[in-house]
Amino acid sequence: MFHFEATLLAHLFFGLSLLVILPLLRRRDLVLHLLLLLSLGILFYASSLATLFIGWEMMGWSSYFILASSARVATLQRYILFNLGGAFALLGAIALLYGFMGSLEYRDIDASLLPPWAMNAIALLLFVAVFVKSGIIGLHDWVVDSYSEATPLFSAILSAILSKAGIYLFIVMFMVLLKEGATEPLLFEIMAWLGVITSIVATFKAISQDEMRRLLAYSSIAQIGYIITILALMQGFALEAALYHTLIHTLIKLLLFMNIASIIAITQKERFSELGGMIYHAPVLFLLLVIGIIALAGMPLLGGFNSKFLIYTALLEEKRALLLGAVMFSSASAFLYCYKLVYGIYLGQRPQEASLHVSPKSYYLPQLLSAALLVLLALLPSLPVGYLSVIGVELGFAPLDDSNLFILQSAFGSFHGGALMGAFGVAFVALLGLLQLAHSKAKKVKDPLDISYCGEVPRSETNLHFGYGMGYELHRISFIAPLLRHHSRVLWDRLSLIASDFSALLSSLYSLSAQHVTLLALLLFTLLLLGGQ
Amino acid sequence: MLLLDLLLMLLIAYGFGFLYYGLYRNLSARVHGRFGPSLAQSFSDSIKLFVKEESTTFGWMFYLGPVIMASGAVLNVLFIPFLNQGESLQGLSSYGNLIVVLYLMVLGPLGNALGVGSSGNPFGVMGVTRGLTRLLALELPFYLAAIGVMIDAGSADFGIIMQAQSTQSNMFAHPLLFAAAFISFLGFMGKSPFDVVGAPQEVYSGPATEFSGKFLALLMSQSAMFSFAKLLLMVNLFWGGADHLGELVAKTFVLFVAATFIGSVYARFSTVQSVEFLIRIPTLLGIVGLALL
Amino acid sequence: MSLLYFVLLPLLALFLMPLYRKHLHIISVMLNLTLLTLALTCTHTLPMVERVAVDLPFAITFVLERASWLLLTLFTLIMSLVSLYHLRYGNDKALFVASTMLGVGVSGLILSHDLFNIYIFFEISSISAYLLTALNQDVKAYGGAIRYMIVGAFASLFLLLGIMLIYLSIGVLDIGAIAERFGLIEPRLQFLILLSLFIGFGIKAELFGLNFWVADIYQASRSSVGSLFSALLSKSYLFVLFHLTYLLHVSPSQLFFLGLIGALTFVAAEFSAFKSHESKRIFAFSTLGQIGIITLALSYADAMLSAAALMLILTHAVAKTALFLALDLLERHFHSSHSTIFARFHAPFLMGIIALAGLSLLGIPPFAGFVAKLSILTGLASLEAYGAVALILLISLIEAAYLFRLLTGFRQGTGKERLYVAWSHKLLLGFMVLLLLGFGLMPEPLLQLCQAAAASMLGGNHVPL
Amino acid sequence: MDEGFIPYQQSLEDEEQSIKSTQSVIEQAIAWFRAHSMFVLAYGTGCGAIEMPPTFTSRYDIERLGVVGVATPRQADILIVSGYCSPKTLKRVIRSYEQMSEPKYIIGLGSCTINGGMYWDSYNTIKKLDDFLPVDMYVNGCMPRPEALIEGFVKLQEKIRANSSEAGYIQYRTRYAHYRANQERLFGTQVQPRYEENFAGMNL
């Protein structure tokens, strides 16, 4: 049976969230954070759907109350309503399952007993729950707003930990509990495409953001889009690829959000337009962020590539060429926001402004750990494979070969992490040496404003950091511009307006005078009397 | 032995890279009705830059940017096999595969972009932005073609991909995929009409604006090697690779000349235009090609 | 131990109250705690029957079986909590008198086993409710009370009509006897009787079509009174309505109609609350919504669903009481109950209480409300009533929207006042939330009680004449 | 210095021949590469700029000599100041020159850079570029033909190969005070950063 011990996710999430919570000690929201941790525990330890749901909901509301300390009211409303919407869909699925199984214990669930329509209905409801939590496009507004308005530390938890709950739910429900069920394959097909469309749209939206955490929020949505896509294949290697990517993404987002938390602590600024040129003020943070974005972009030499590789080969194996093309497109587009992130904060020119603060030392620990793990995973890409295979093996899928930790095997080829790292290292050192020995001597400019600027001497108040606006040109590209509009927000706003109008109509009934009430009651009586006879 | 092999590969890539670059300047001069510089001109340029007395740097990241970029190019050369058979000139290709190489191709530009960004020059970043935006659309058709090739061969391994073409090269087996990849390849080569990145009329030299002396020299050298790596990639993916060095030179030369002539006669696309063109024509070709697979 | 105590002791207290005017609050607290103890001691002696024969058709028959015991315990508990809450406001004499009377009324309603007494207690509870509404002694309160009175009188009229028709046709008023002989009545007259009873109780139990007065009454009265209305009054009428429904073996189509009314009540109330900005009104609508769900669940006449509905009655009563009492604290401080007041104070404990009680109200784990809601949903699902499941889940989102909007009020705004909450109030409110949490974490005992109660309610407890 | 441009130019050219023989092989190789790869920043300050496009394009094709135009001063070896300079332009010219990496050379194109040319009595142009920046090669005429410019490049190539210590950039470094004084007389002190202040020590 599916068990807590078997879930990498659980270990990972606990370990990492504790790391983030560490800097929070002696703060007021610590209790709520611990409650959140408890809810994760309930979620992972659950042996019945009711318990699972308790964990799920507790996670929702405890995070809501943590969020409440910093977010705007509209954001909070959006957060809780979307989360509850997903949770109620889950509850609906649970109730439906109960209707057929008569029990909510995992061990009593036998999906082969479900009639197809019920299986599909359950699948749809679960999709809603998973999609809302993962922020599938159209249901993503709450993600972005909450990530950007949470306290910097809590954004890290939201993105690194909580965003994976949807994936966990999917794995538990579909791959463990309902795998015998006869779900309509079309549903998974739709899910796969939704995932990839989400990742593309979110990637472009990420590129056009001006706020660090909004960018990263969209990036999270995009990354989870891949995972959704790959999970929809319902295959063993896809499961492993998804889990590997979950692991990597958790590490990356922890690193990046903590990095941004540090930057916010140092500068008190959130927007790229107000930042820039931090590299020589915080070189360590810069390096950590670079590690993060290289991994995020999925380039070799850092762990990010491993999971991308697995995802691609899994899709290749299933011969899903177009799906893979779309995934790779979105993945390649991610370079742009990765660069925007590092440029907007660390590179470019530093705007003239007030003093800098000191970043708390405790923020460095999670970053350093994540970065070290990402490097280690690049060197030994097969390291977590055995760990990841556990669920797959329990489900009867063949595990990936991890006899040589340096080599990540897949059905479509393999690569040697050590060789990549080694070759790069040698080339890098050799070229650096060459550059050092070259006849030409490097002279460092004294004033960062001594740049080639059309023969001009820029003043300190000249805006030289307008590169933060990169991505604006996407609005001019006819294929991309429509993706950048806020369709879903308009849709939900309109829906809420309709509800509000309907509500006004109904609530006007409740201000009737006593005479009218009695008259209505009399009318009802007469009508029923006539109708009933 | 392996080490010698690797060095040889790098030397070949370096030599032929510069030779082709010189050739490019010559050929396009002929197209323009000029004589153009000598074949070794680009090589001379890079040596001259190496021996300039000073180069300006803006800090350590600026210093490391070109190094990372050049390392990326070196890695690309090393991870793509030169020949489709035998032990020699295979480099590290058995340690990687096509997917690795596709991603390694972006490593260099990213390193460079970091260096450019740290100079604080807005023109540099504008160039980088243009490059990355163009990259969005540039990679899509190439990826589609590569996916087709990989699915066709049943592996991402270069050896197997080349072996699968022993009877019929992919260019003829999947002409649409080849067309898609070729248009992308033109863009990757940075030639017209896809050379908006460093348009000197608008953004100085784009990413290279602040690079001087040895940094520029390193960038030129890596660009030569990188171009050769891209030629290799196309030859391996669509022309079945090469049996021996002579064939390799011949095939890369043909490909190179084709790219040069096309580049010489087309005017430059703006960033938006190039993205729209790349998404319209080659991507569609690629999708149809995949559908026909 | 006599069931009469539940009526006589409060009446005694009512007589004592004028004599000890300065200690009304103490009398009230002691009375309610005594009643609670008495109710709890009855656990092992159920069912209990108590008959005081006046003249046979008009005998006073009290029956305490599992279901009514559950409610009686709940009522005495809520009464105790409310009176404990008012311990600090000892000068509020009318409140104690009227609430004690309300206690007599609702206890009598669920204990009574004959229509005559039911009518009497119906009136007692109504009159005390009018009094409670007018407690604030301002224009709004009097207006509300008069409106309430008009509607209430109308309800009594229909109830009386129903009772009269029953008595005229079969000559008995004892419920058990009526249940046995009801089939003898001509079907058309049966229908008329059922309809009159439905209108009579429906108005008081705040069902859709008959409940358009409710929000205004809640708004006109005090928040603490709202807790009594919401937790005791409406629930007791609802209980009697369904008790009669089950006893008289109404047809499935009529049950379906009741379910439909329940669903309508639920939908209309939740939607109405969505746009409301007056917190008492919002809570009133939320009460209506819960009543709707309870009605919907009870209308299936299914053991599991009825148990779940009883559970919902219990959890809702406690949660709503906590909310109304907390609101009362705010109202006393701000002299307003507009929802914006939630943004104007700083009191973490009170804030937490409101939040947690709100979560329970919404049926969010790990609070007791969740168990009730989950039971209702699984019950509906096992009856294949998927439409009802979907409806409840969807409309619950609307409920979440307005409840969480109140909660977000906590963090809005800048100039927040520090609000002092007495430790006794903290203790009281904390106790209620702990109760909710406790039953949420360990729902089994309560669920068993509810199941037993549901069984007795559905089994039609015939007490021989 | 004698009156007139021609004797001065002659003296510059004579000097080269004598120095060349003293170089080592490596120095000569370096000088050869430098001479055969000239990246030009063509600063079109005045009307002389009109002659540069033909020089660079098909008709005269100066790329044969290894001359390429570049856009930024960082990459340039040679700065062509093409014609008269107003103080406003000169400011930018100086800035561009200072941002070039050494070794770097200046070609003064047209008579205006020598003595003001037809603007000899203008109130708003400088008369003698050499007061502000060290000119390595003058191409006189108004305007000089592309042939003349090519001639200038060839002469400059010879000069580069000679690797003279009299080269303009060395003079600019050693006699900076003189140039700076002239510049400050024209612009005041607040405008341009001082050249030596731009760099914080050599070698990273």
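In order of appearance the chains are A, B, C and D, and numbering begins at 1 in each one.
As a working rule, a contact is a pair of C-beta atoms (placed from the backbone, for glycine too) under 8 Å apart; a residue touches a chain by one contact, two chains touch by 3 or more.
Note that this is a predicted model, so its numbers are computed, not measured.
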Chain at the geometric heart of the assembly (C-alpha centres): A
Pair sharing more residue contacts (C-beta pairs) when A-D is set against B-D: B-D
Farthest chain (mean CA position) relative to chain A: D
Distance from chain C to chain B - Cα centre to Cα centre, in angstrom: 77
Distance from chain D to chain A - Cα centre to Cα centre, in angstrom: 57
Chain centre separation in whole Å, for chain D relative to chain B (CA means): 36
Distance from chain C to chain A - Cα centre to Cα centre, in angstrom: 45
Two or more partner chains touched - positions in chain B: 49, 51-57, 59-60, 63, 204, 209-210, 213
Touching two or more other chains - residue numbers and ranges from chain D: 30, 72, 74, 99, 101, 202, 204
Multi-chain contact sites of chain C, meaning residues that touch two or more partners: none
Touch-based graph of the chains, sorted into line, ring, star, complete or other: other
Touch relationships between chains, expressed as pairs: A-B, A-C, A-D, B-D
Interfacial residue positions of chain C with respect to chain A in the complex: 146-148, 150-151, 154, 158, 188, 191-192, 195-196, 199, 203, 209-210, 212-216, 268, 271-276, 285, 355, 359, 364-366, 370, 374, 377-378, 380-382, 384, 386, 389-390, 393-394, 396-398, 400-401, 404-405, 407-412
Touching residues (chain side chain A, partner chain C) in the complex: 50, 53-54, 57-58, 60-61, 64-65, 68-69, 73, 76-77, 80-81, 84-85, 88-89, 91-92, 94-96, 98-99, 102, 104, 121, 499-500, 502-504, 506-507, 509-518, 520-521, 524-525, 528-529, 532-533
Interface residues, chain D side, partner chain B - complex: 30, 33-34, 36-37, 39, 57-58, 61, 63-66, 68, 70-72, 74-75, 77, 99-103, 202, 204
Touching residues (chain side chain B, partner chain D) in the complex: 25, 29, 32-38, 41, 44-45, 47-49, 51-57, 59-60, 63, 200, 204-205, 208-213, 216
Partner chain B, residues of chain A touching it in the complex: 277, 279-280, 283, 286, 290, 294, 297-301, 305, 308-309, 312-313, 316, 319, 321-322, 324-325, 328-329, 332-333, 335-336, 338-339, 342-343, 346-349, 412-416, 419-420, 423-424, 427-428, 431-432, 434-435, 438-445, 448-449, 451-454, 464-467, 470-471, 473-474, 476-480
